[in-house]
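Input: structures, listed below.
Here come two complexes built around chain A, the first alongside chain B, the second alongside chain C.
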Partner chain A sequence: MEQIKQSVKMFILENILYEDNENALDYDDSFLEKGIIDSTGVLEVVGFIEEEFNISVDDEELIPENLDSVNNLARFIKEKSGK
Partner chain B sequence: MCGIAGIFNMNGNKEISMDTLKGMAAILKHRGPDGVGFYKDERIGLVHTRLSIIDLESGWQPIHNEDKTIWITFNGEIFNYIELRKVLEDKGHKFYTKSDTEVIVHLYEAYGTECLKHLNGQFAFVIWDKNQEILFIARDRVGIRPLFYTFINGSIMFASEIKSLFADSRVKREIDPRALDQIFTFWMNIPPRTAFKEIRELPAGHYMIVKNGNYQVEQYWDLDFTPDDSVKSEEEYAEELRELLIDSTRLRLRADVSVGAYLSGGIDSSVITTLIKKYTNNPLRTFSVVFHDEVYDESIYQKQMIEHLNTDHSAIKCSYSDIGKIFPDVIWHTEMPILRTAPAPLYLLSKLVRENGYKVVLTGEGADEILAGYDIFKETKIRKFLEKFPDSKFRPLILKRLYPYLANSPTKSVQYSRAFFEVDTDSYPERYYSHIPRWDMTSKIKLFFSDHIKEELNGYKKFGELSSLLSDNIDSFDYLSKAQYLEIKTLLSNYLLSSQGDRMAMGNSVEGRYPFLDHRVMEFCCKLPPNVRMQTLTEKYILKKSMSDLLPVTITKRTKQPYMAPDSKSFFNSGTLDYVEEMFSDSALKRCGCFDIKKTKKIFEKCRKGLAIGFKDNMAFVGILSTQLLYNLFIEQFPANTLNEEIKSKGNYSGRHKGT
Partner chain C sequence: MNKPNQQKICSNCILPETFPGIRFNEEGVCIFCQRFQGKEEKLAQDKKKYEQKFHQLLNQLSQPSHRSYDVLMAYSGGKDSTYTMFLLKTKYKLRVLALSFDNGFISDTSWSNIKNVTDRLGIDLISFKPKWSILKSIFTYASMHELYSKKTLERASTICTSCIGLVKSICLKTAIEQNIPMIGFGWSPGQAPVQSSIMKNNPSLIKMTQKAIKEPLKKVVSDEIETYFLNEWHYSQSERFPYNVHPMAWEFYDERMIHKEIKKLGWEAPKDTDTNSSNCLLNAFANEIHVKRYGFHPYVWEIANMVREGVMSREEGHNKIYQEQPEQLIEFARQKLNIQEI
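The block that comes next holds the complex of A and B.
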């Protein structure tokens, strides 16, 4: 689980926030509330997790409960991949 | 249509350098390749580079009144000059040319600065009134033609383009961080501010008087969406609009050279070309740009209109790499950072026009602003609706009606589009409601600013400057009118008509004319009831109604596709272009100093790998690249040192010299 979280976090820091500082993002930061990710950013994150974790995300699953923080994402990925 | 420039000694006599005037002319040659004229006396030097369109024989400028006490250098067109001339001749004024320029001189004699109210046109001009020792500078109502100025050693220098001011090496060339902040928020700089420190722009609908060493800028026109009392039927509105558009198109075909038209496949240019075909004797010659990538391409609709109107048509096919290659030239002409590549195909299009022997084209520019055509107006309406009915079961359906043409639409996920639309509007005045999602999203790209720029911007409040551009009446307009007024005052006047309009056309010595921006048409449209401009979510409703019997249904009923061009992809399609690599190098980024090197490198790599799919990343990339190019072209590499050579070789092309 920790590995998934770290991997997602690094992707967001590097590709969405363009940030080297790991403290710029906490695992439970809400992407929407903090303005970290907009609706297009969501599609980028989905593209990343689909490829990285070999899962497929349906349109109906594009909801904040699944995607709105590193913690939510990690939980969602774990459920999807059955790990 | 031309280039104008000059120097005025504000405090008395001082020799004006003819070499400087020639340098200012030489660098404006693209605006007036047919010849150059000068006027010089002890107070002033006036420059004019000419693109001959009206009165080919005797229309050379600068032009004067009967006793040579009033001189003018003028860029643009006065479309009602024939009617105005008759009135002036009846008053006893004597004309020595057949030009529209001379009409302004006599109109100024007759009415002073009030002369502006009589003009139907697109113009920037400078009048030197020797007897009263007044310099009178003016710009048309919506800013179709440009005018920049700067003060140096007790003089005011003015020109159609900033680069002409830079012909005097004493003029400072430095990027203004506040302008950068504005552009990376609003997509435009707020006049009088420009991308360069100490270079000012006369705002649209304003004039300036310079007298006794002082200067004063006044507004003479603005749009007012306050409804009037008249109530008419939709049919009456539609008929009146059609009559006005026929007349404004007819006036805009006045020229002593052939006039062509753009035909994009959208409704606006379809309306203009149809009116030319049906109501005038002008042989219809049309031009368009088509894209290799079908995401941006509208050629199916263009073909329908070409067949429908049986027009003689030429198209230029634009690929990703065409845009990438031409981009430095584009920035040389925009003279400001831009966030999208959309001007580039228009630059290629005006080149096509010129190569076909045409100097003048009519386009559909302005219809989206005055008749509520843009998605931002639909967005505003939807946001208002959802605020009122937050639990509406139609919500998902309504949201999906926005941006159906975007592969990565922000409305793909309803829950996320909610976040996009439900922005925090409390921290902004209500007058900006419509534009806050756009400005908020754009502002995020400022994360790439360097610490130095961020420090410079510390405490800077740009909304004060924006507010100074707007009439207080805006607060009493309905929300659709507020949004339209804001769009006209910001993006239309300060980006579309310049970076995508005048600068891209004049870069290839072509003049654009815009029937929808006839002030009579604009004033009529802003008095229309809002639901006649946009009915439910049907944009430009009244325009479609007024033209329904003349246009194919496939054109009036088609889903609106905004004009767009491929952004970051254009620069990496066939390997990375050399200049792009150079502009994103550590050393170039360091020299310019505007951007954080580490972050900028990351987005460069993301774009290079083709992973930038959203507006934000693409805007950031194009914004950074264009700023780097601006720095390179105007600050590092500006040809000031070689200008003397330019003067010798080009400055005297067909030169005509008047005055003492």
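The block that comes next holds the complex of A and C.
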């Protein structure tokens, strides 16, 4: 689980926030509420997790409960991939 | 800050050294181009995948229903939304309702285009104009202050983001109210990734994304902004939440071909807009402010994506971005908004 969180966090830091500082993002920061990403950004993250973790995200799964923080994403990825 | 033509620019695309998060290798190739290397085939596969997904969606939506329209087209009258609407109507045989948002700065030629094209294609049209006092307050505030997140501003100016936020919201409200299962957008292949080209809206995600636009605007025009956003009734209609589609993410895209096709529909290129808009007289002013504020052009991400993906030549992309904004357009907008200086 920790490995998934770290991988997602690094993607957000590198591709969304353009930050080298790992403290710039906490695992439970809400991406949308904090203005870290917008709805297009959410779909970029979806593209990343589909490729990186070899999962397919269904339309009805595009909800904040699954996608809106590193913690939510990691839990969702774990459930989808059975890791 | 260096002037745009004195900046270091990626030797492959056109992103400047001032773009957030950019770094270059020894050959002067930016990090975004380096990451794209080897992904050309994956992009082509994704385009095919999303085209198939769209056909599946059309099959799914082809069940008999009582609705009057299949798709609500967010129709600006610009070349990309005109071509997208043409495809939806003629290639995909959909019943289209066009919605044009009047921000007070649509060029006269564009209004003629909107009327000519909808008539020629046999498409019903709604035009929606928020009251000028609201638009003026938002545009004036956005020209002097930042309203949105850093990520949003890589892709569009503060003024454009405010305007598009309203357009998206009005379209979503209308689609829910009229039970139209899709909203069509004319995003270019560089504007939004193919992964976002077919997206089912849902109440919880929309509630959060609307908040990101609505709350900053509320600071400017208080509760009057609520009129343009979804209310609790809309959120209770989850089965009516439409798909967003932008077919140009997978369709063949070539500006010359698009101009040629839409000319047959009575569309004429406006002569009074800037190089990155074919409908809006506020765009140059918004671009000028963004360049002054952040040191890079708000369209550079979109155009660089198209150059990188081979949709546009580097020279064409460079010409669109690295030239001064037309002075008369900046002056026109400044006077209309009654802003002393920018």
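The criterion applied here is as follows: the second predicted complex is superposed on the first by the 83 of 83 C-alpha atoms of A that agree within 3 Å, B and C clash if a C-alpha of one lies under 4 Å from a C-alpha of the other, contacts with A are read in each partner's own complex, and residues count from 1 in each chain.
In this section, a contact is a pair of C-beta atoms (placed from the backbone, for glycine too) under 8 Å apart; a residue touches a chain by one contact, two chains touch by 3 or more.
Everything numeric here is computed off the predicted structure, so don't read it as measured data.
Visitor: More chain A residues touched by chain B or by chain C?
Guide: Partner touching more chain A residues in the overlay: C.
Visitor: Classify the contacts of A:Leu62 with the two partner chains as first (chain B alone), second (chain C alone), both, or neither.
Guide: Touch status of A:Leu62: both partners.
Visitor: Identify the overlap between the chain B-contacting and the chain C-contacting residues of chain A.
Guide: 17-18, 32, 35, 38-44, 47, 59, 62-64
Visitor: With touch defined as at the start, can you tell me which chain B residues reach chain A in the complex?
Guide: 408, 410-413, 415-417, 419-420, 441, 444, 447-448, 598-599, 602-603, 606, 611, 613-616
Visitor: Mind pulling up the chain A residues that touch chain C in the complex?
Guide: 16-18, 30, 32-44, 46-47, 59-60, 62-65, 67-68
Visitor: Under the touch definition given earlier, write down the residues of chain A that touch chain B in their complex.
Guide: Per the stated touch rule, the residues are 14-15, 17-20, 32, 35, 38-44, 47, 59, 62-64.
Visitor: Taking the complex as given, what residues does chain C use to touch chain A?
Guide: So the residues of chain C in touch with chain A come to 20-21, 148-152, 155, 192-193, 195-196, 199-200, 202, 204-205, 208-209, 211-212, 243.
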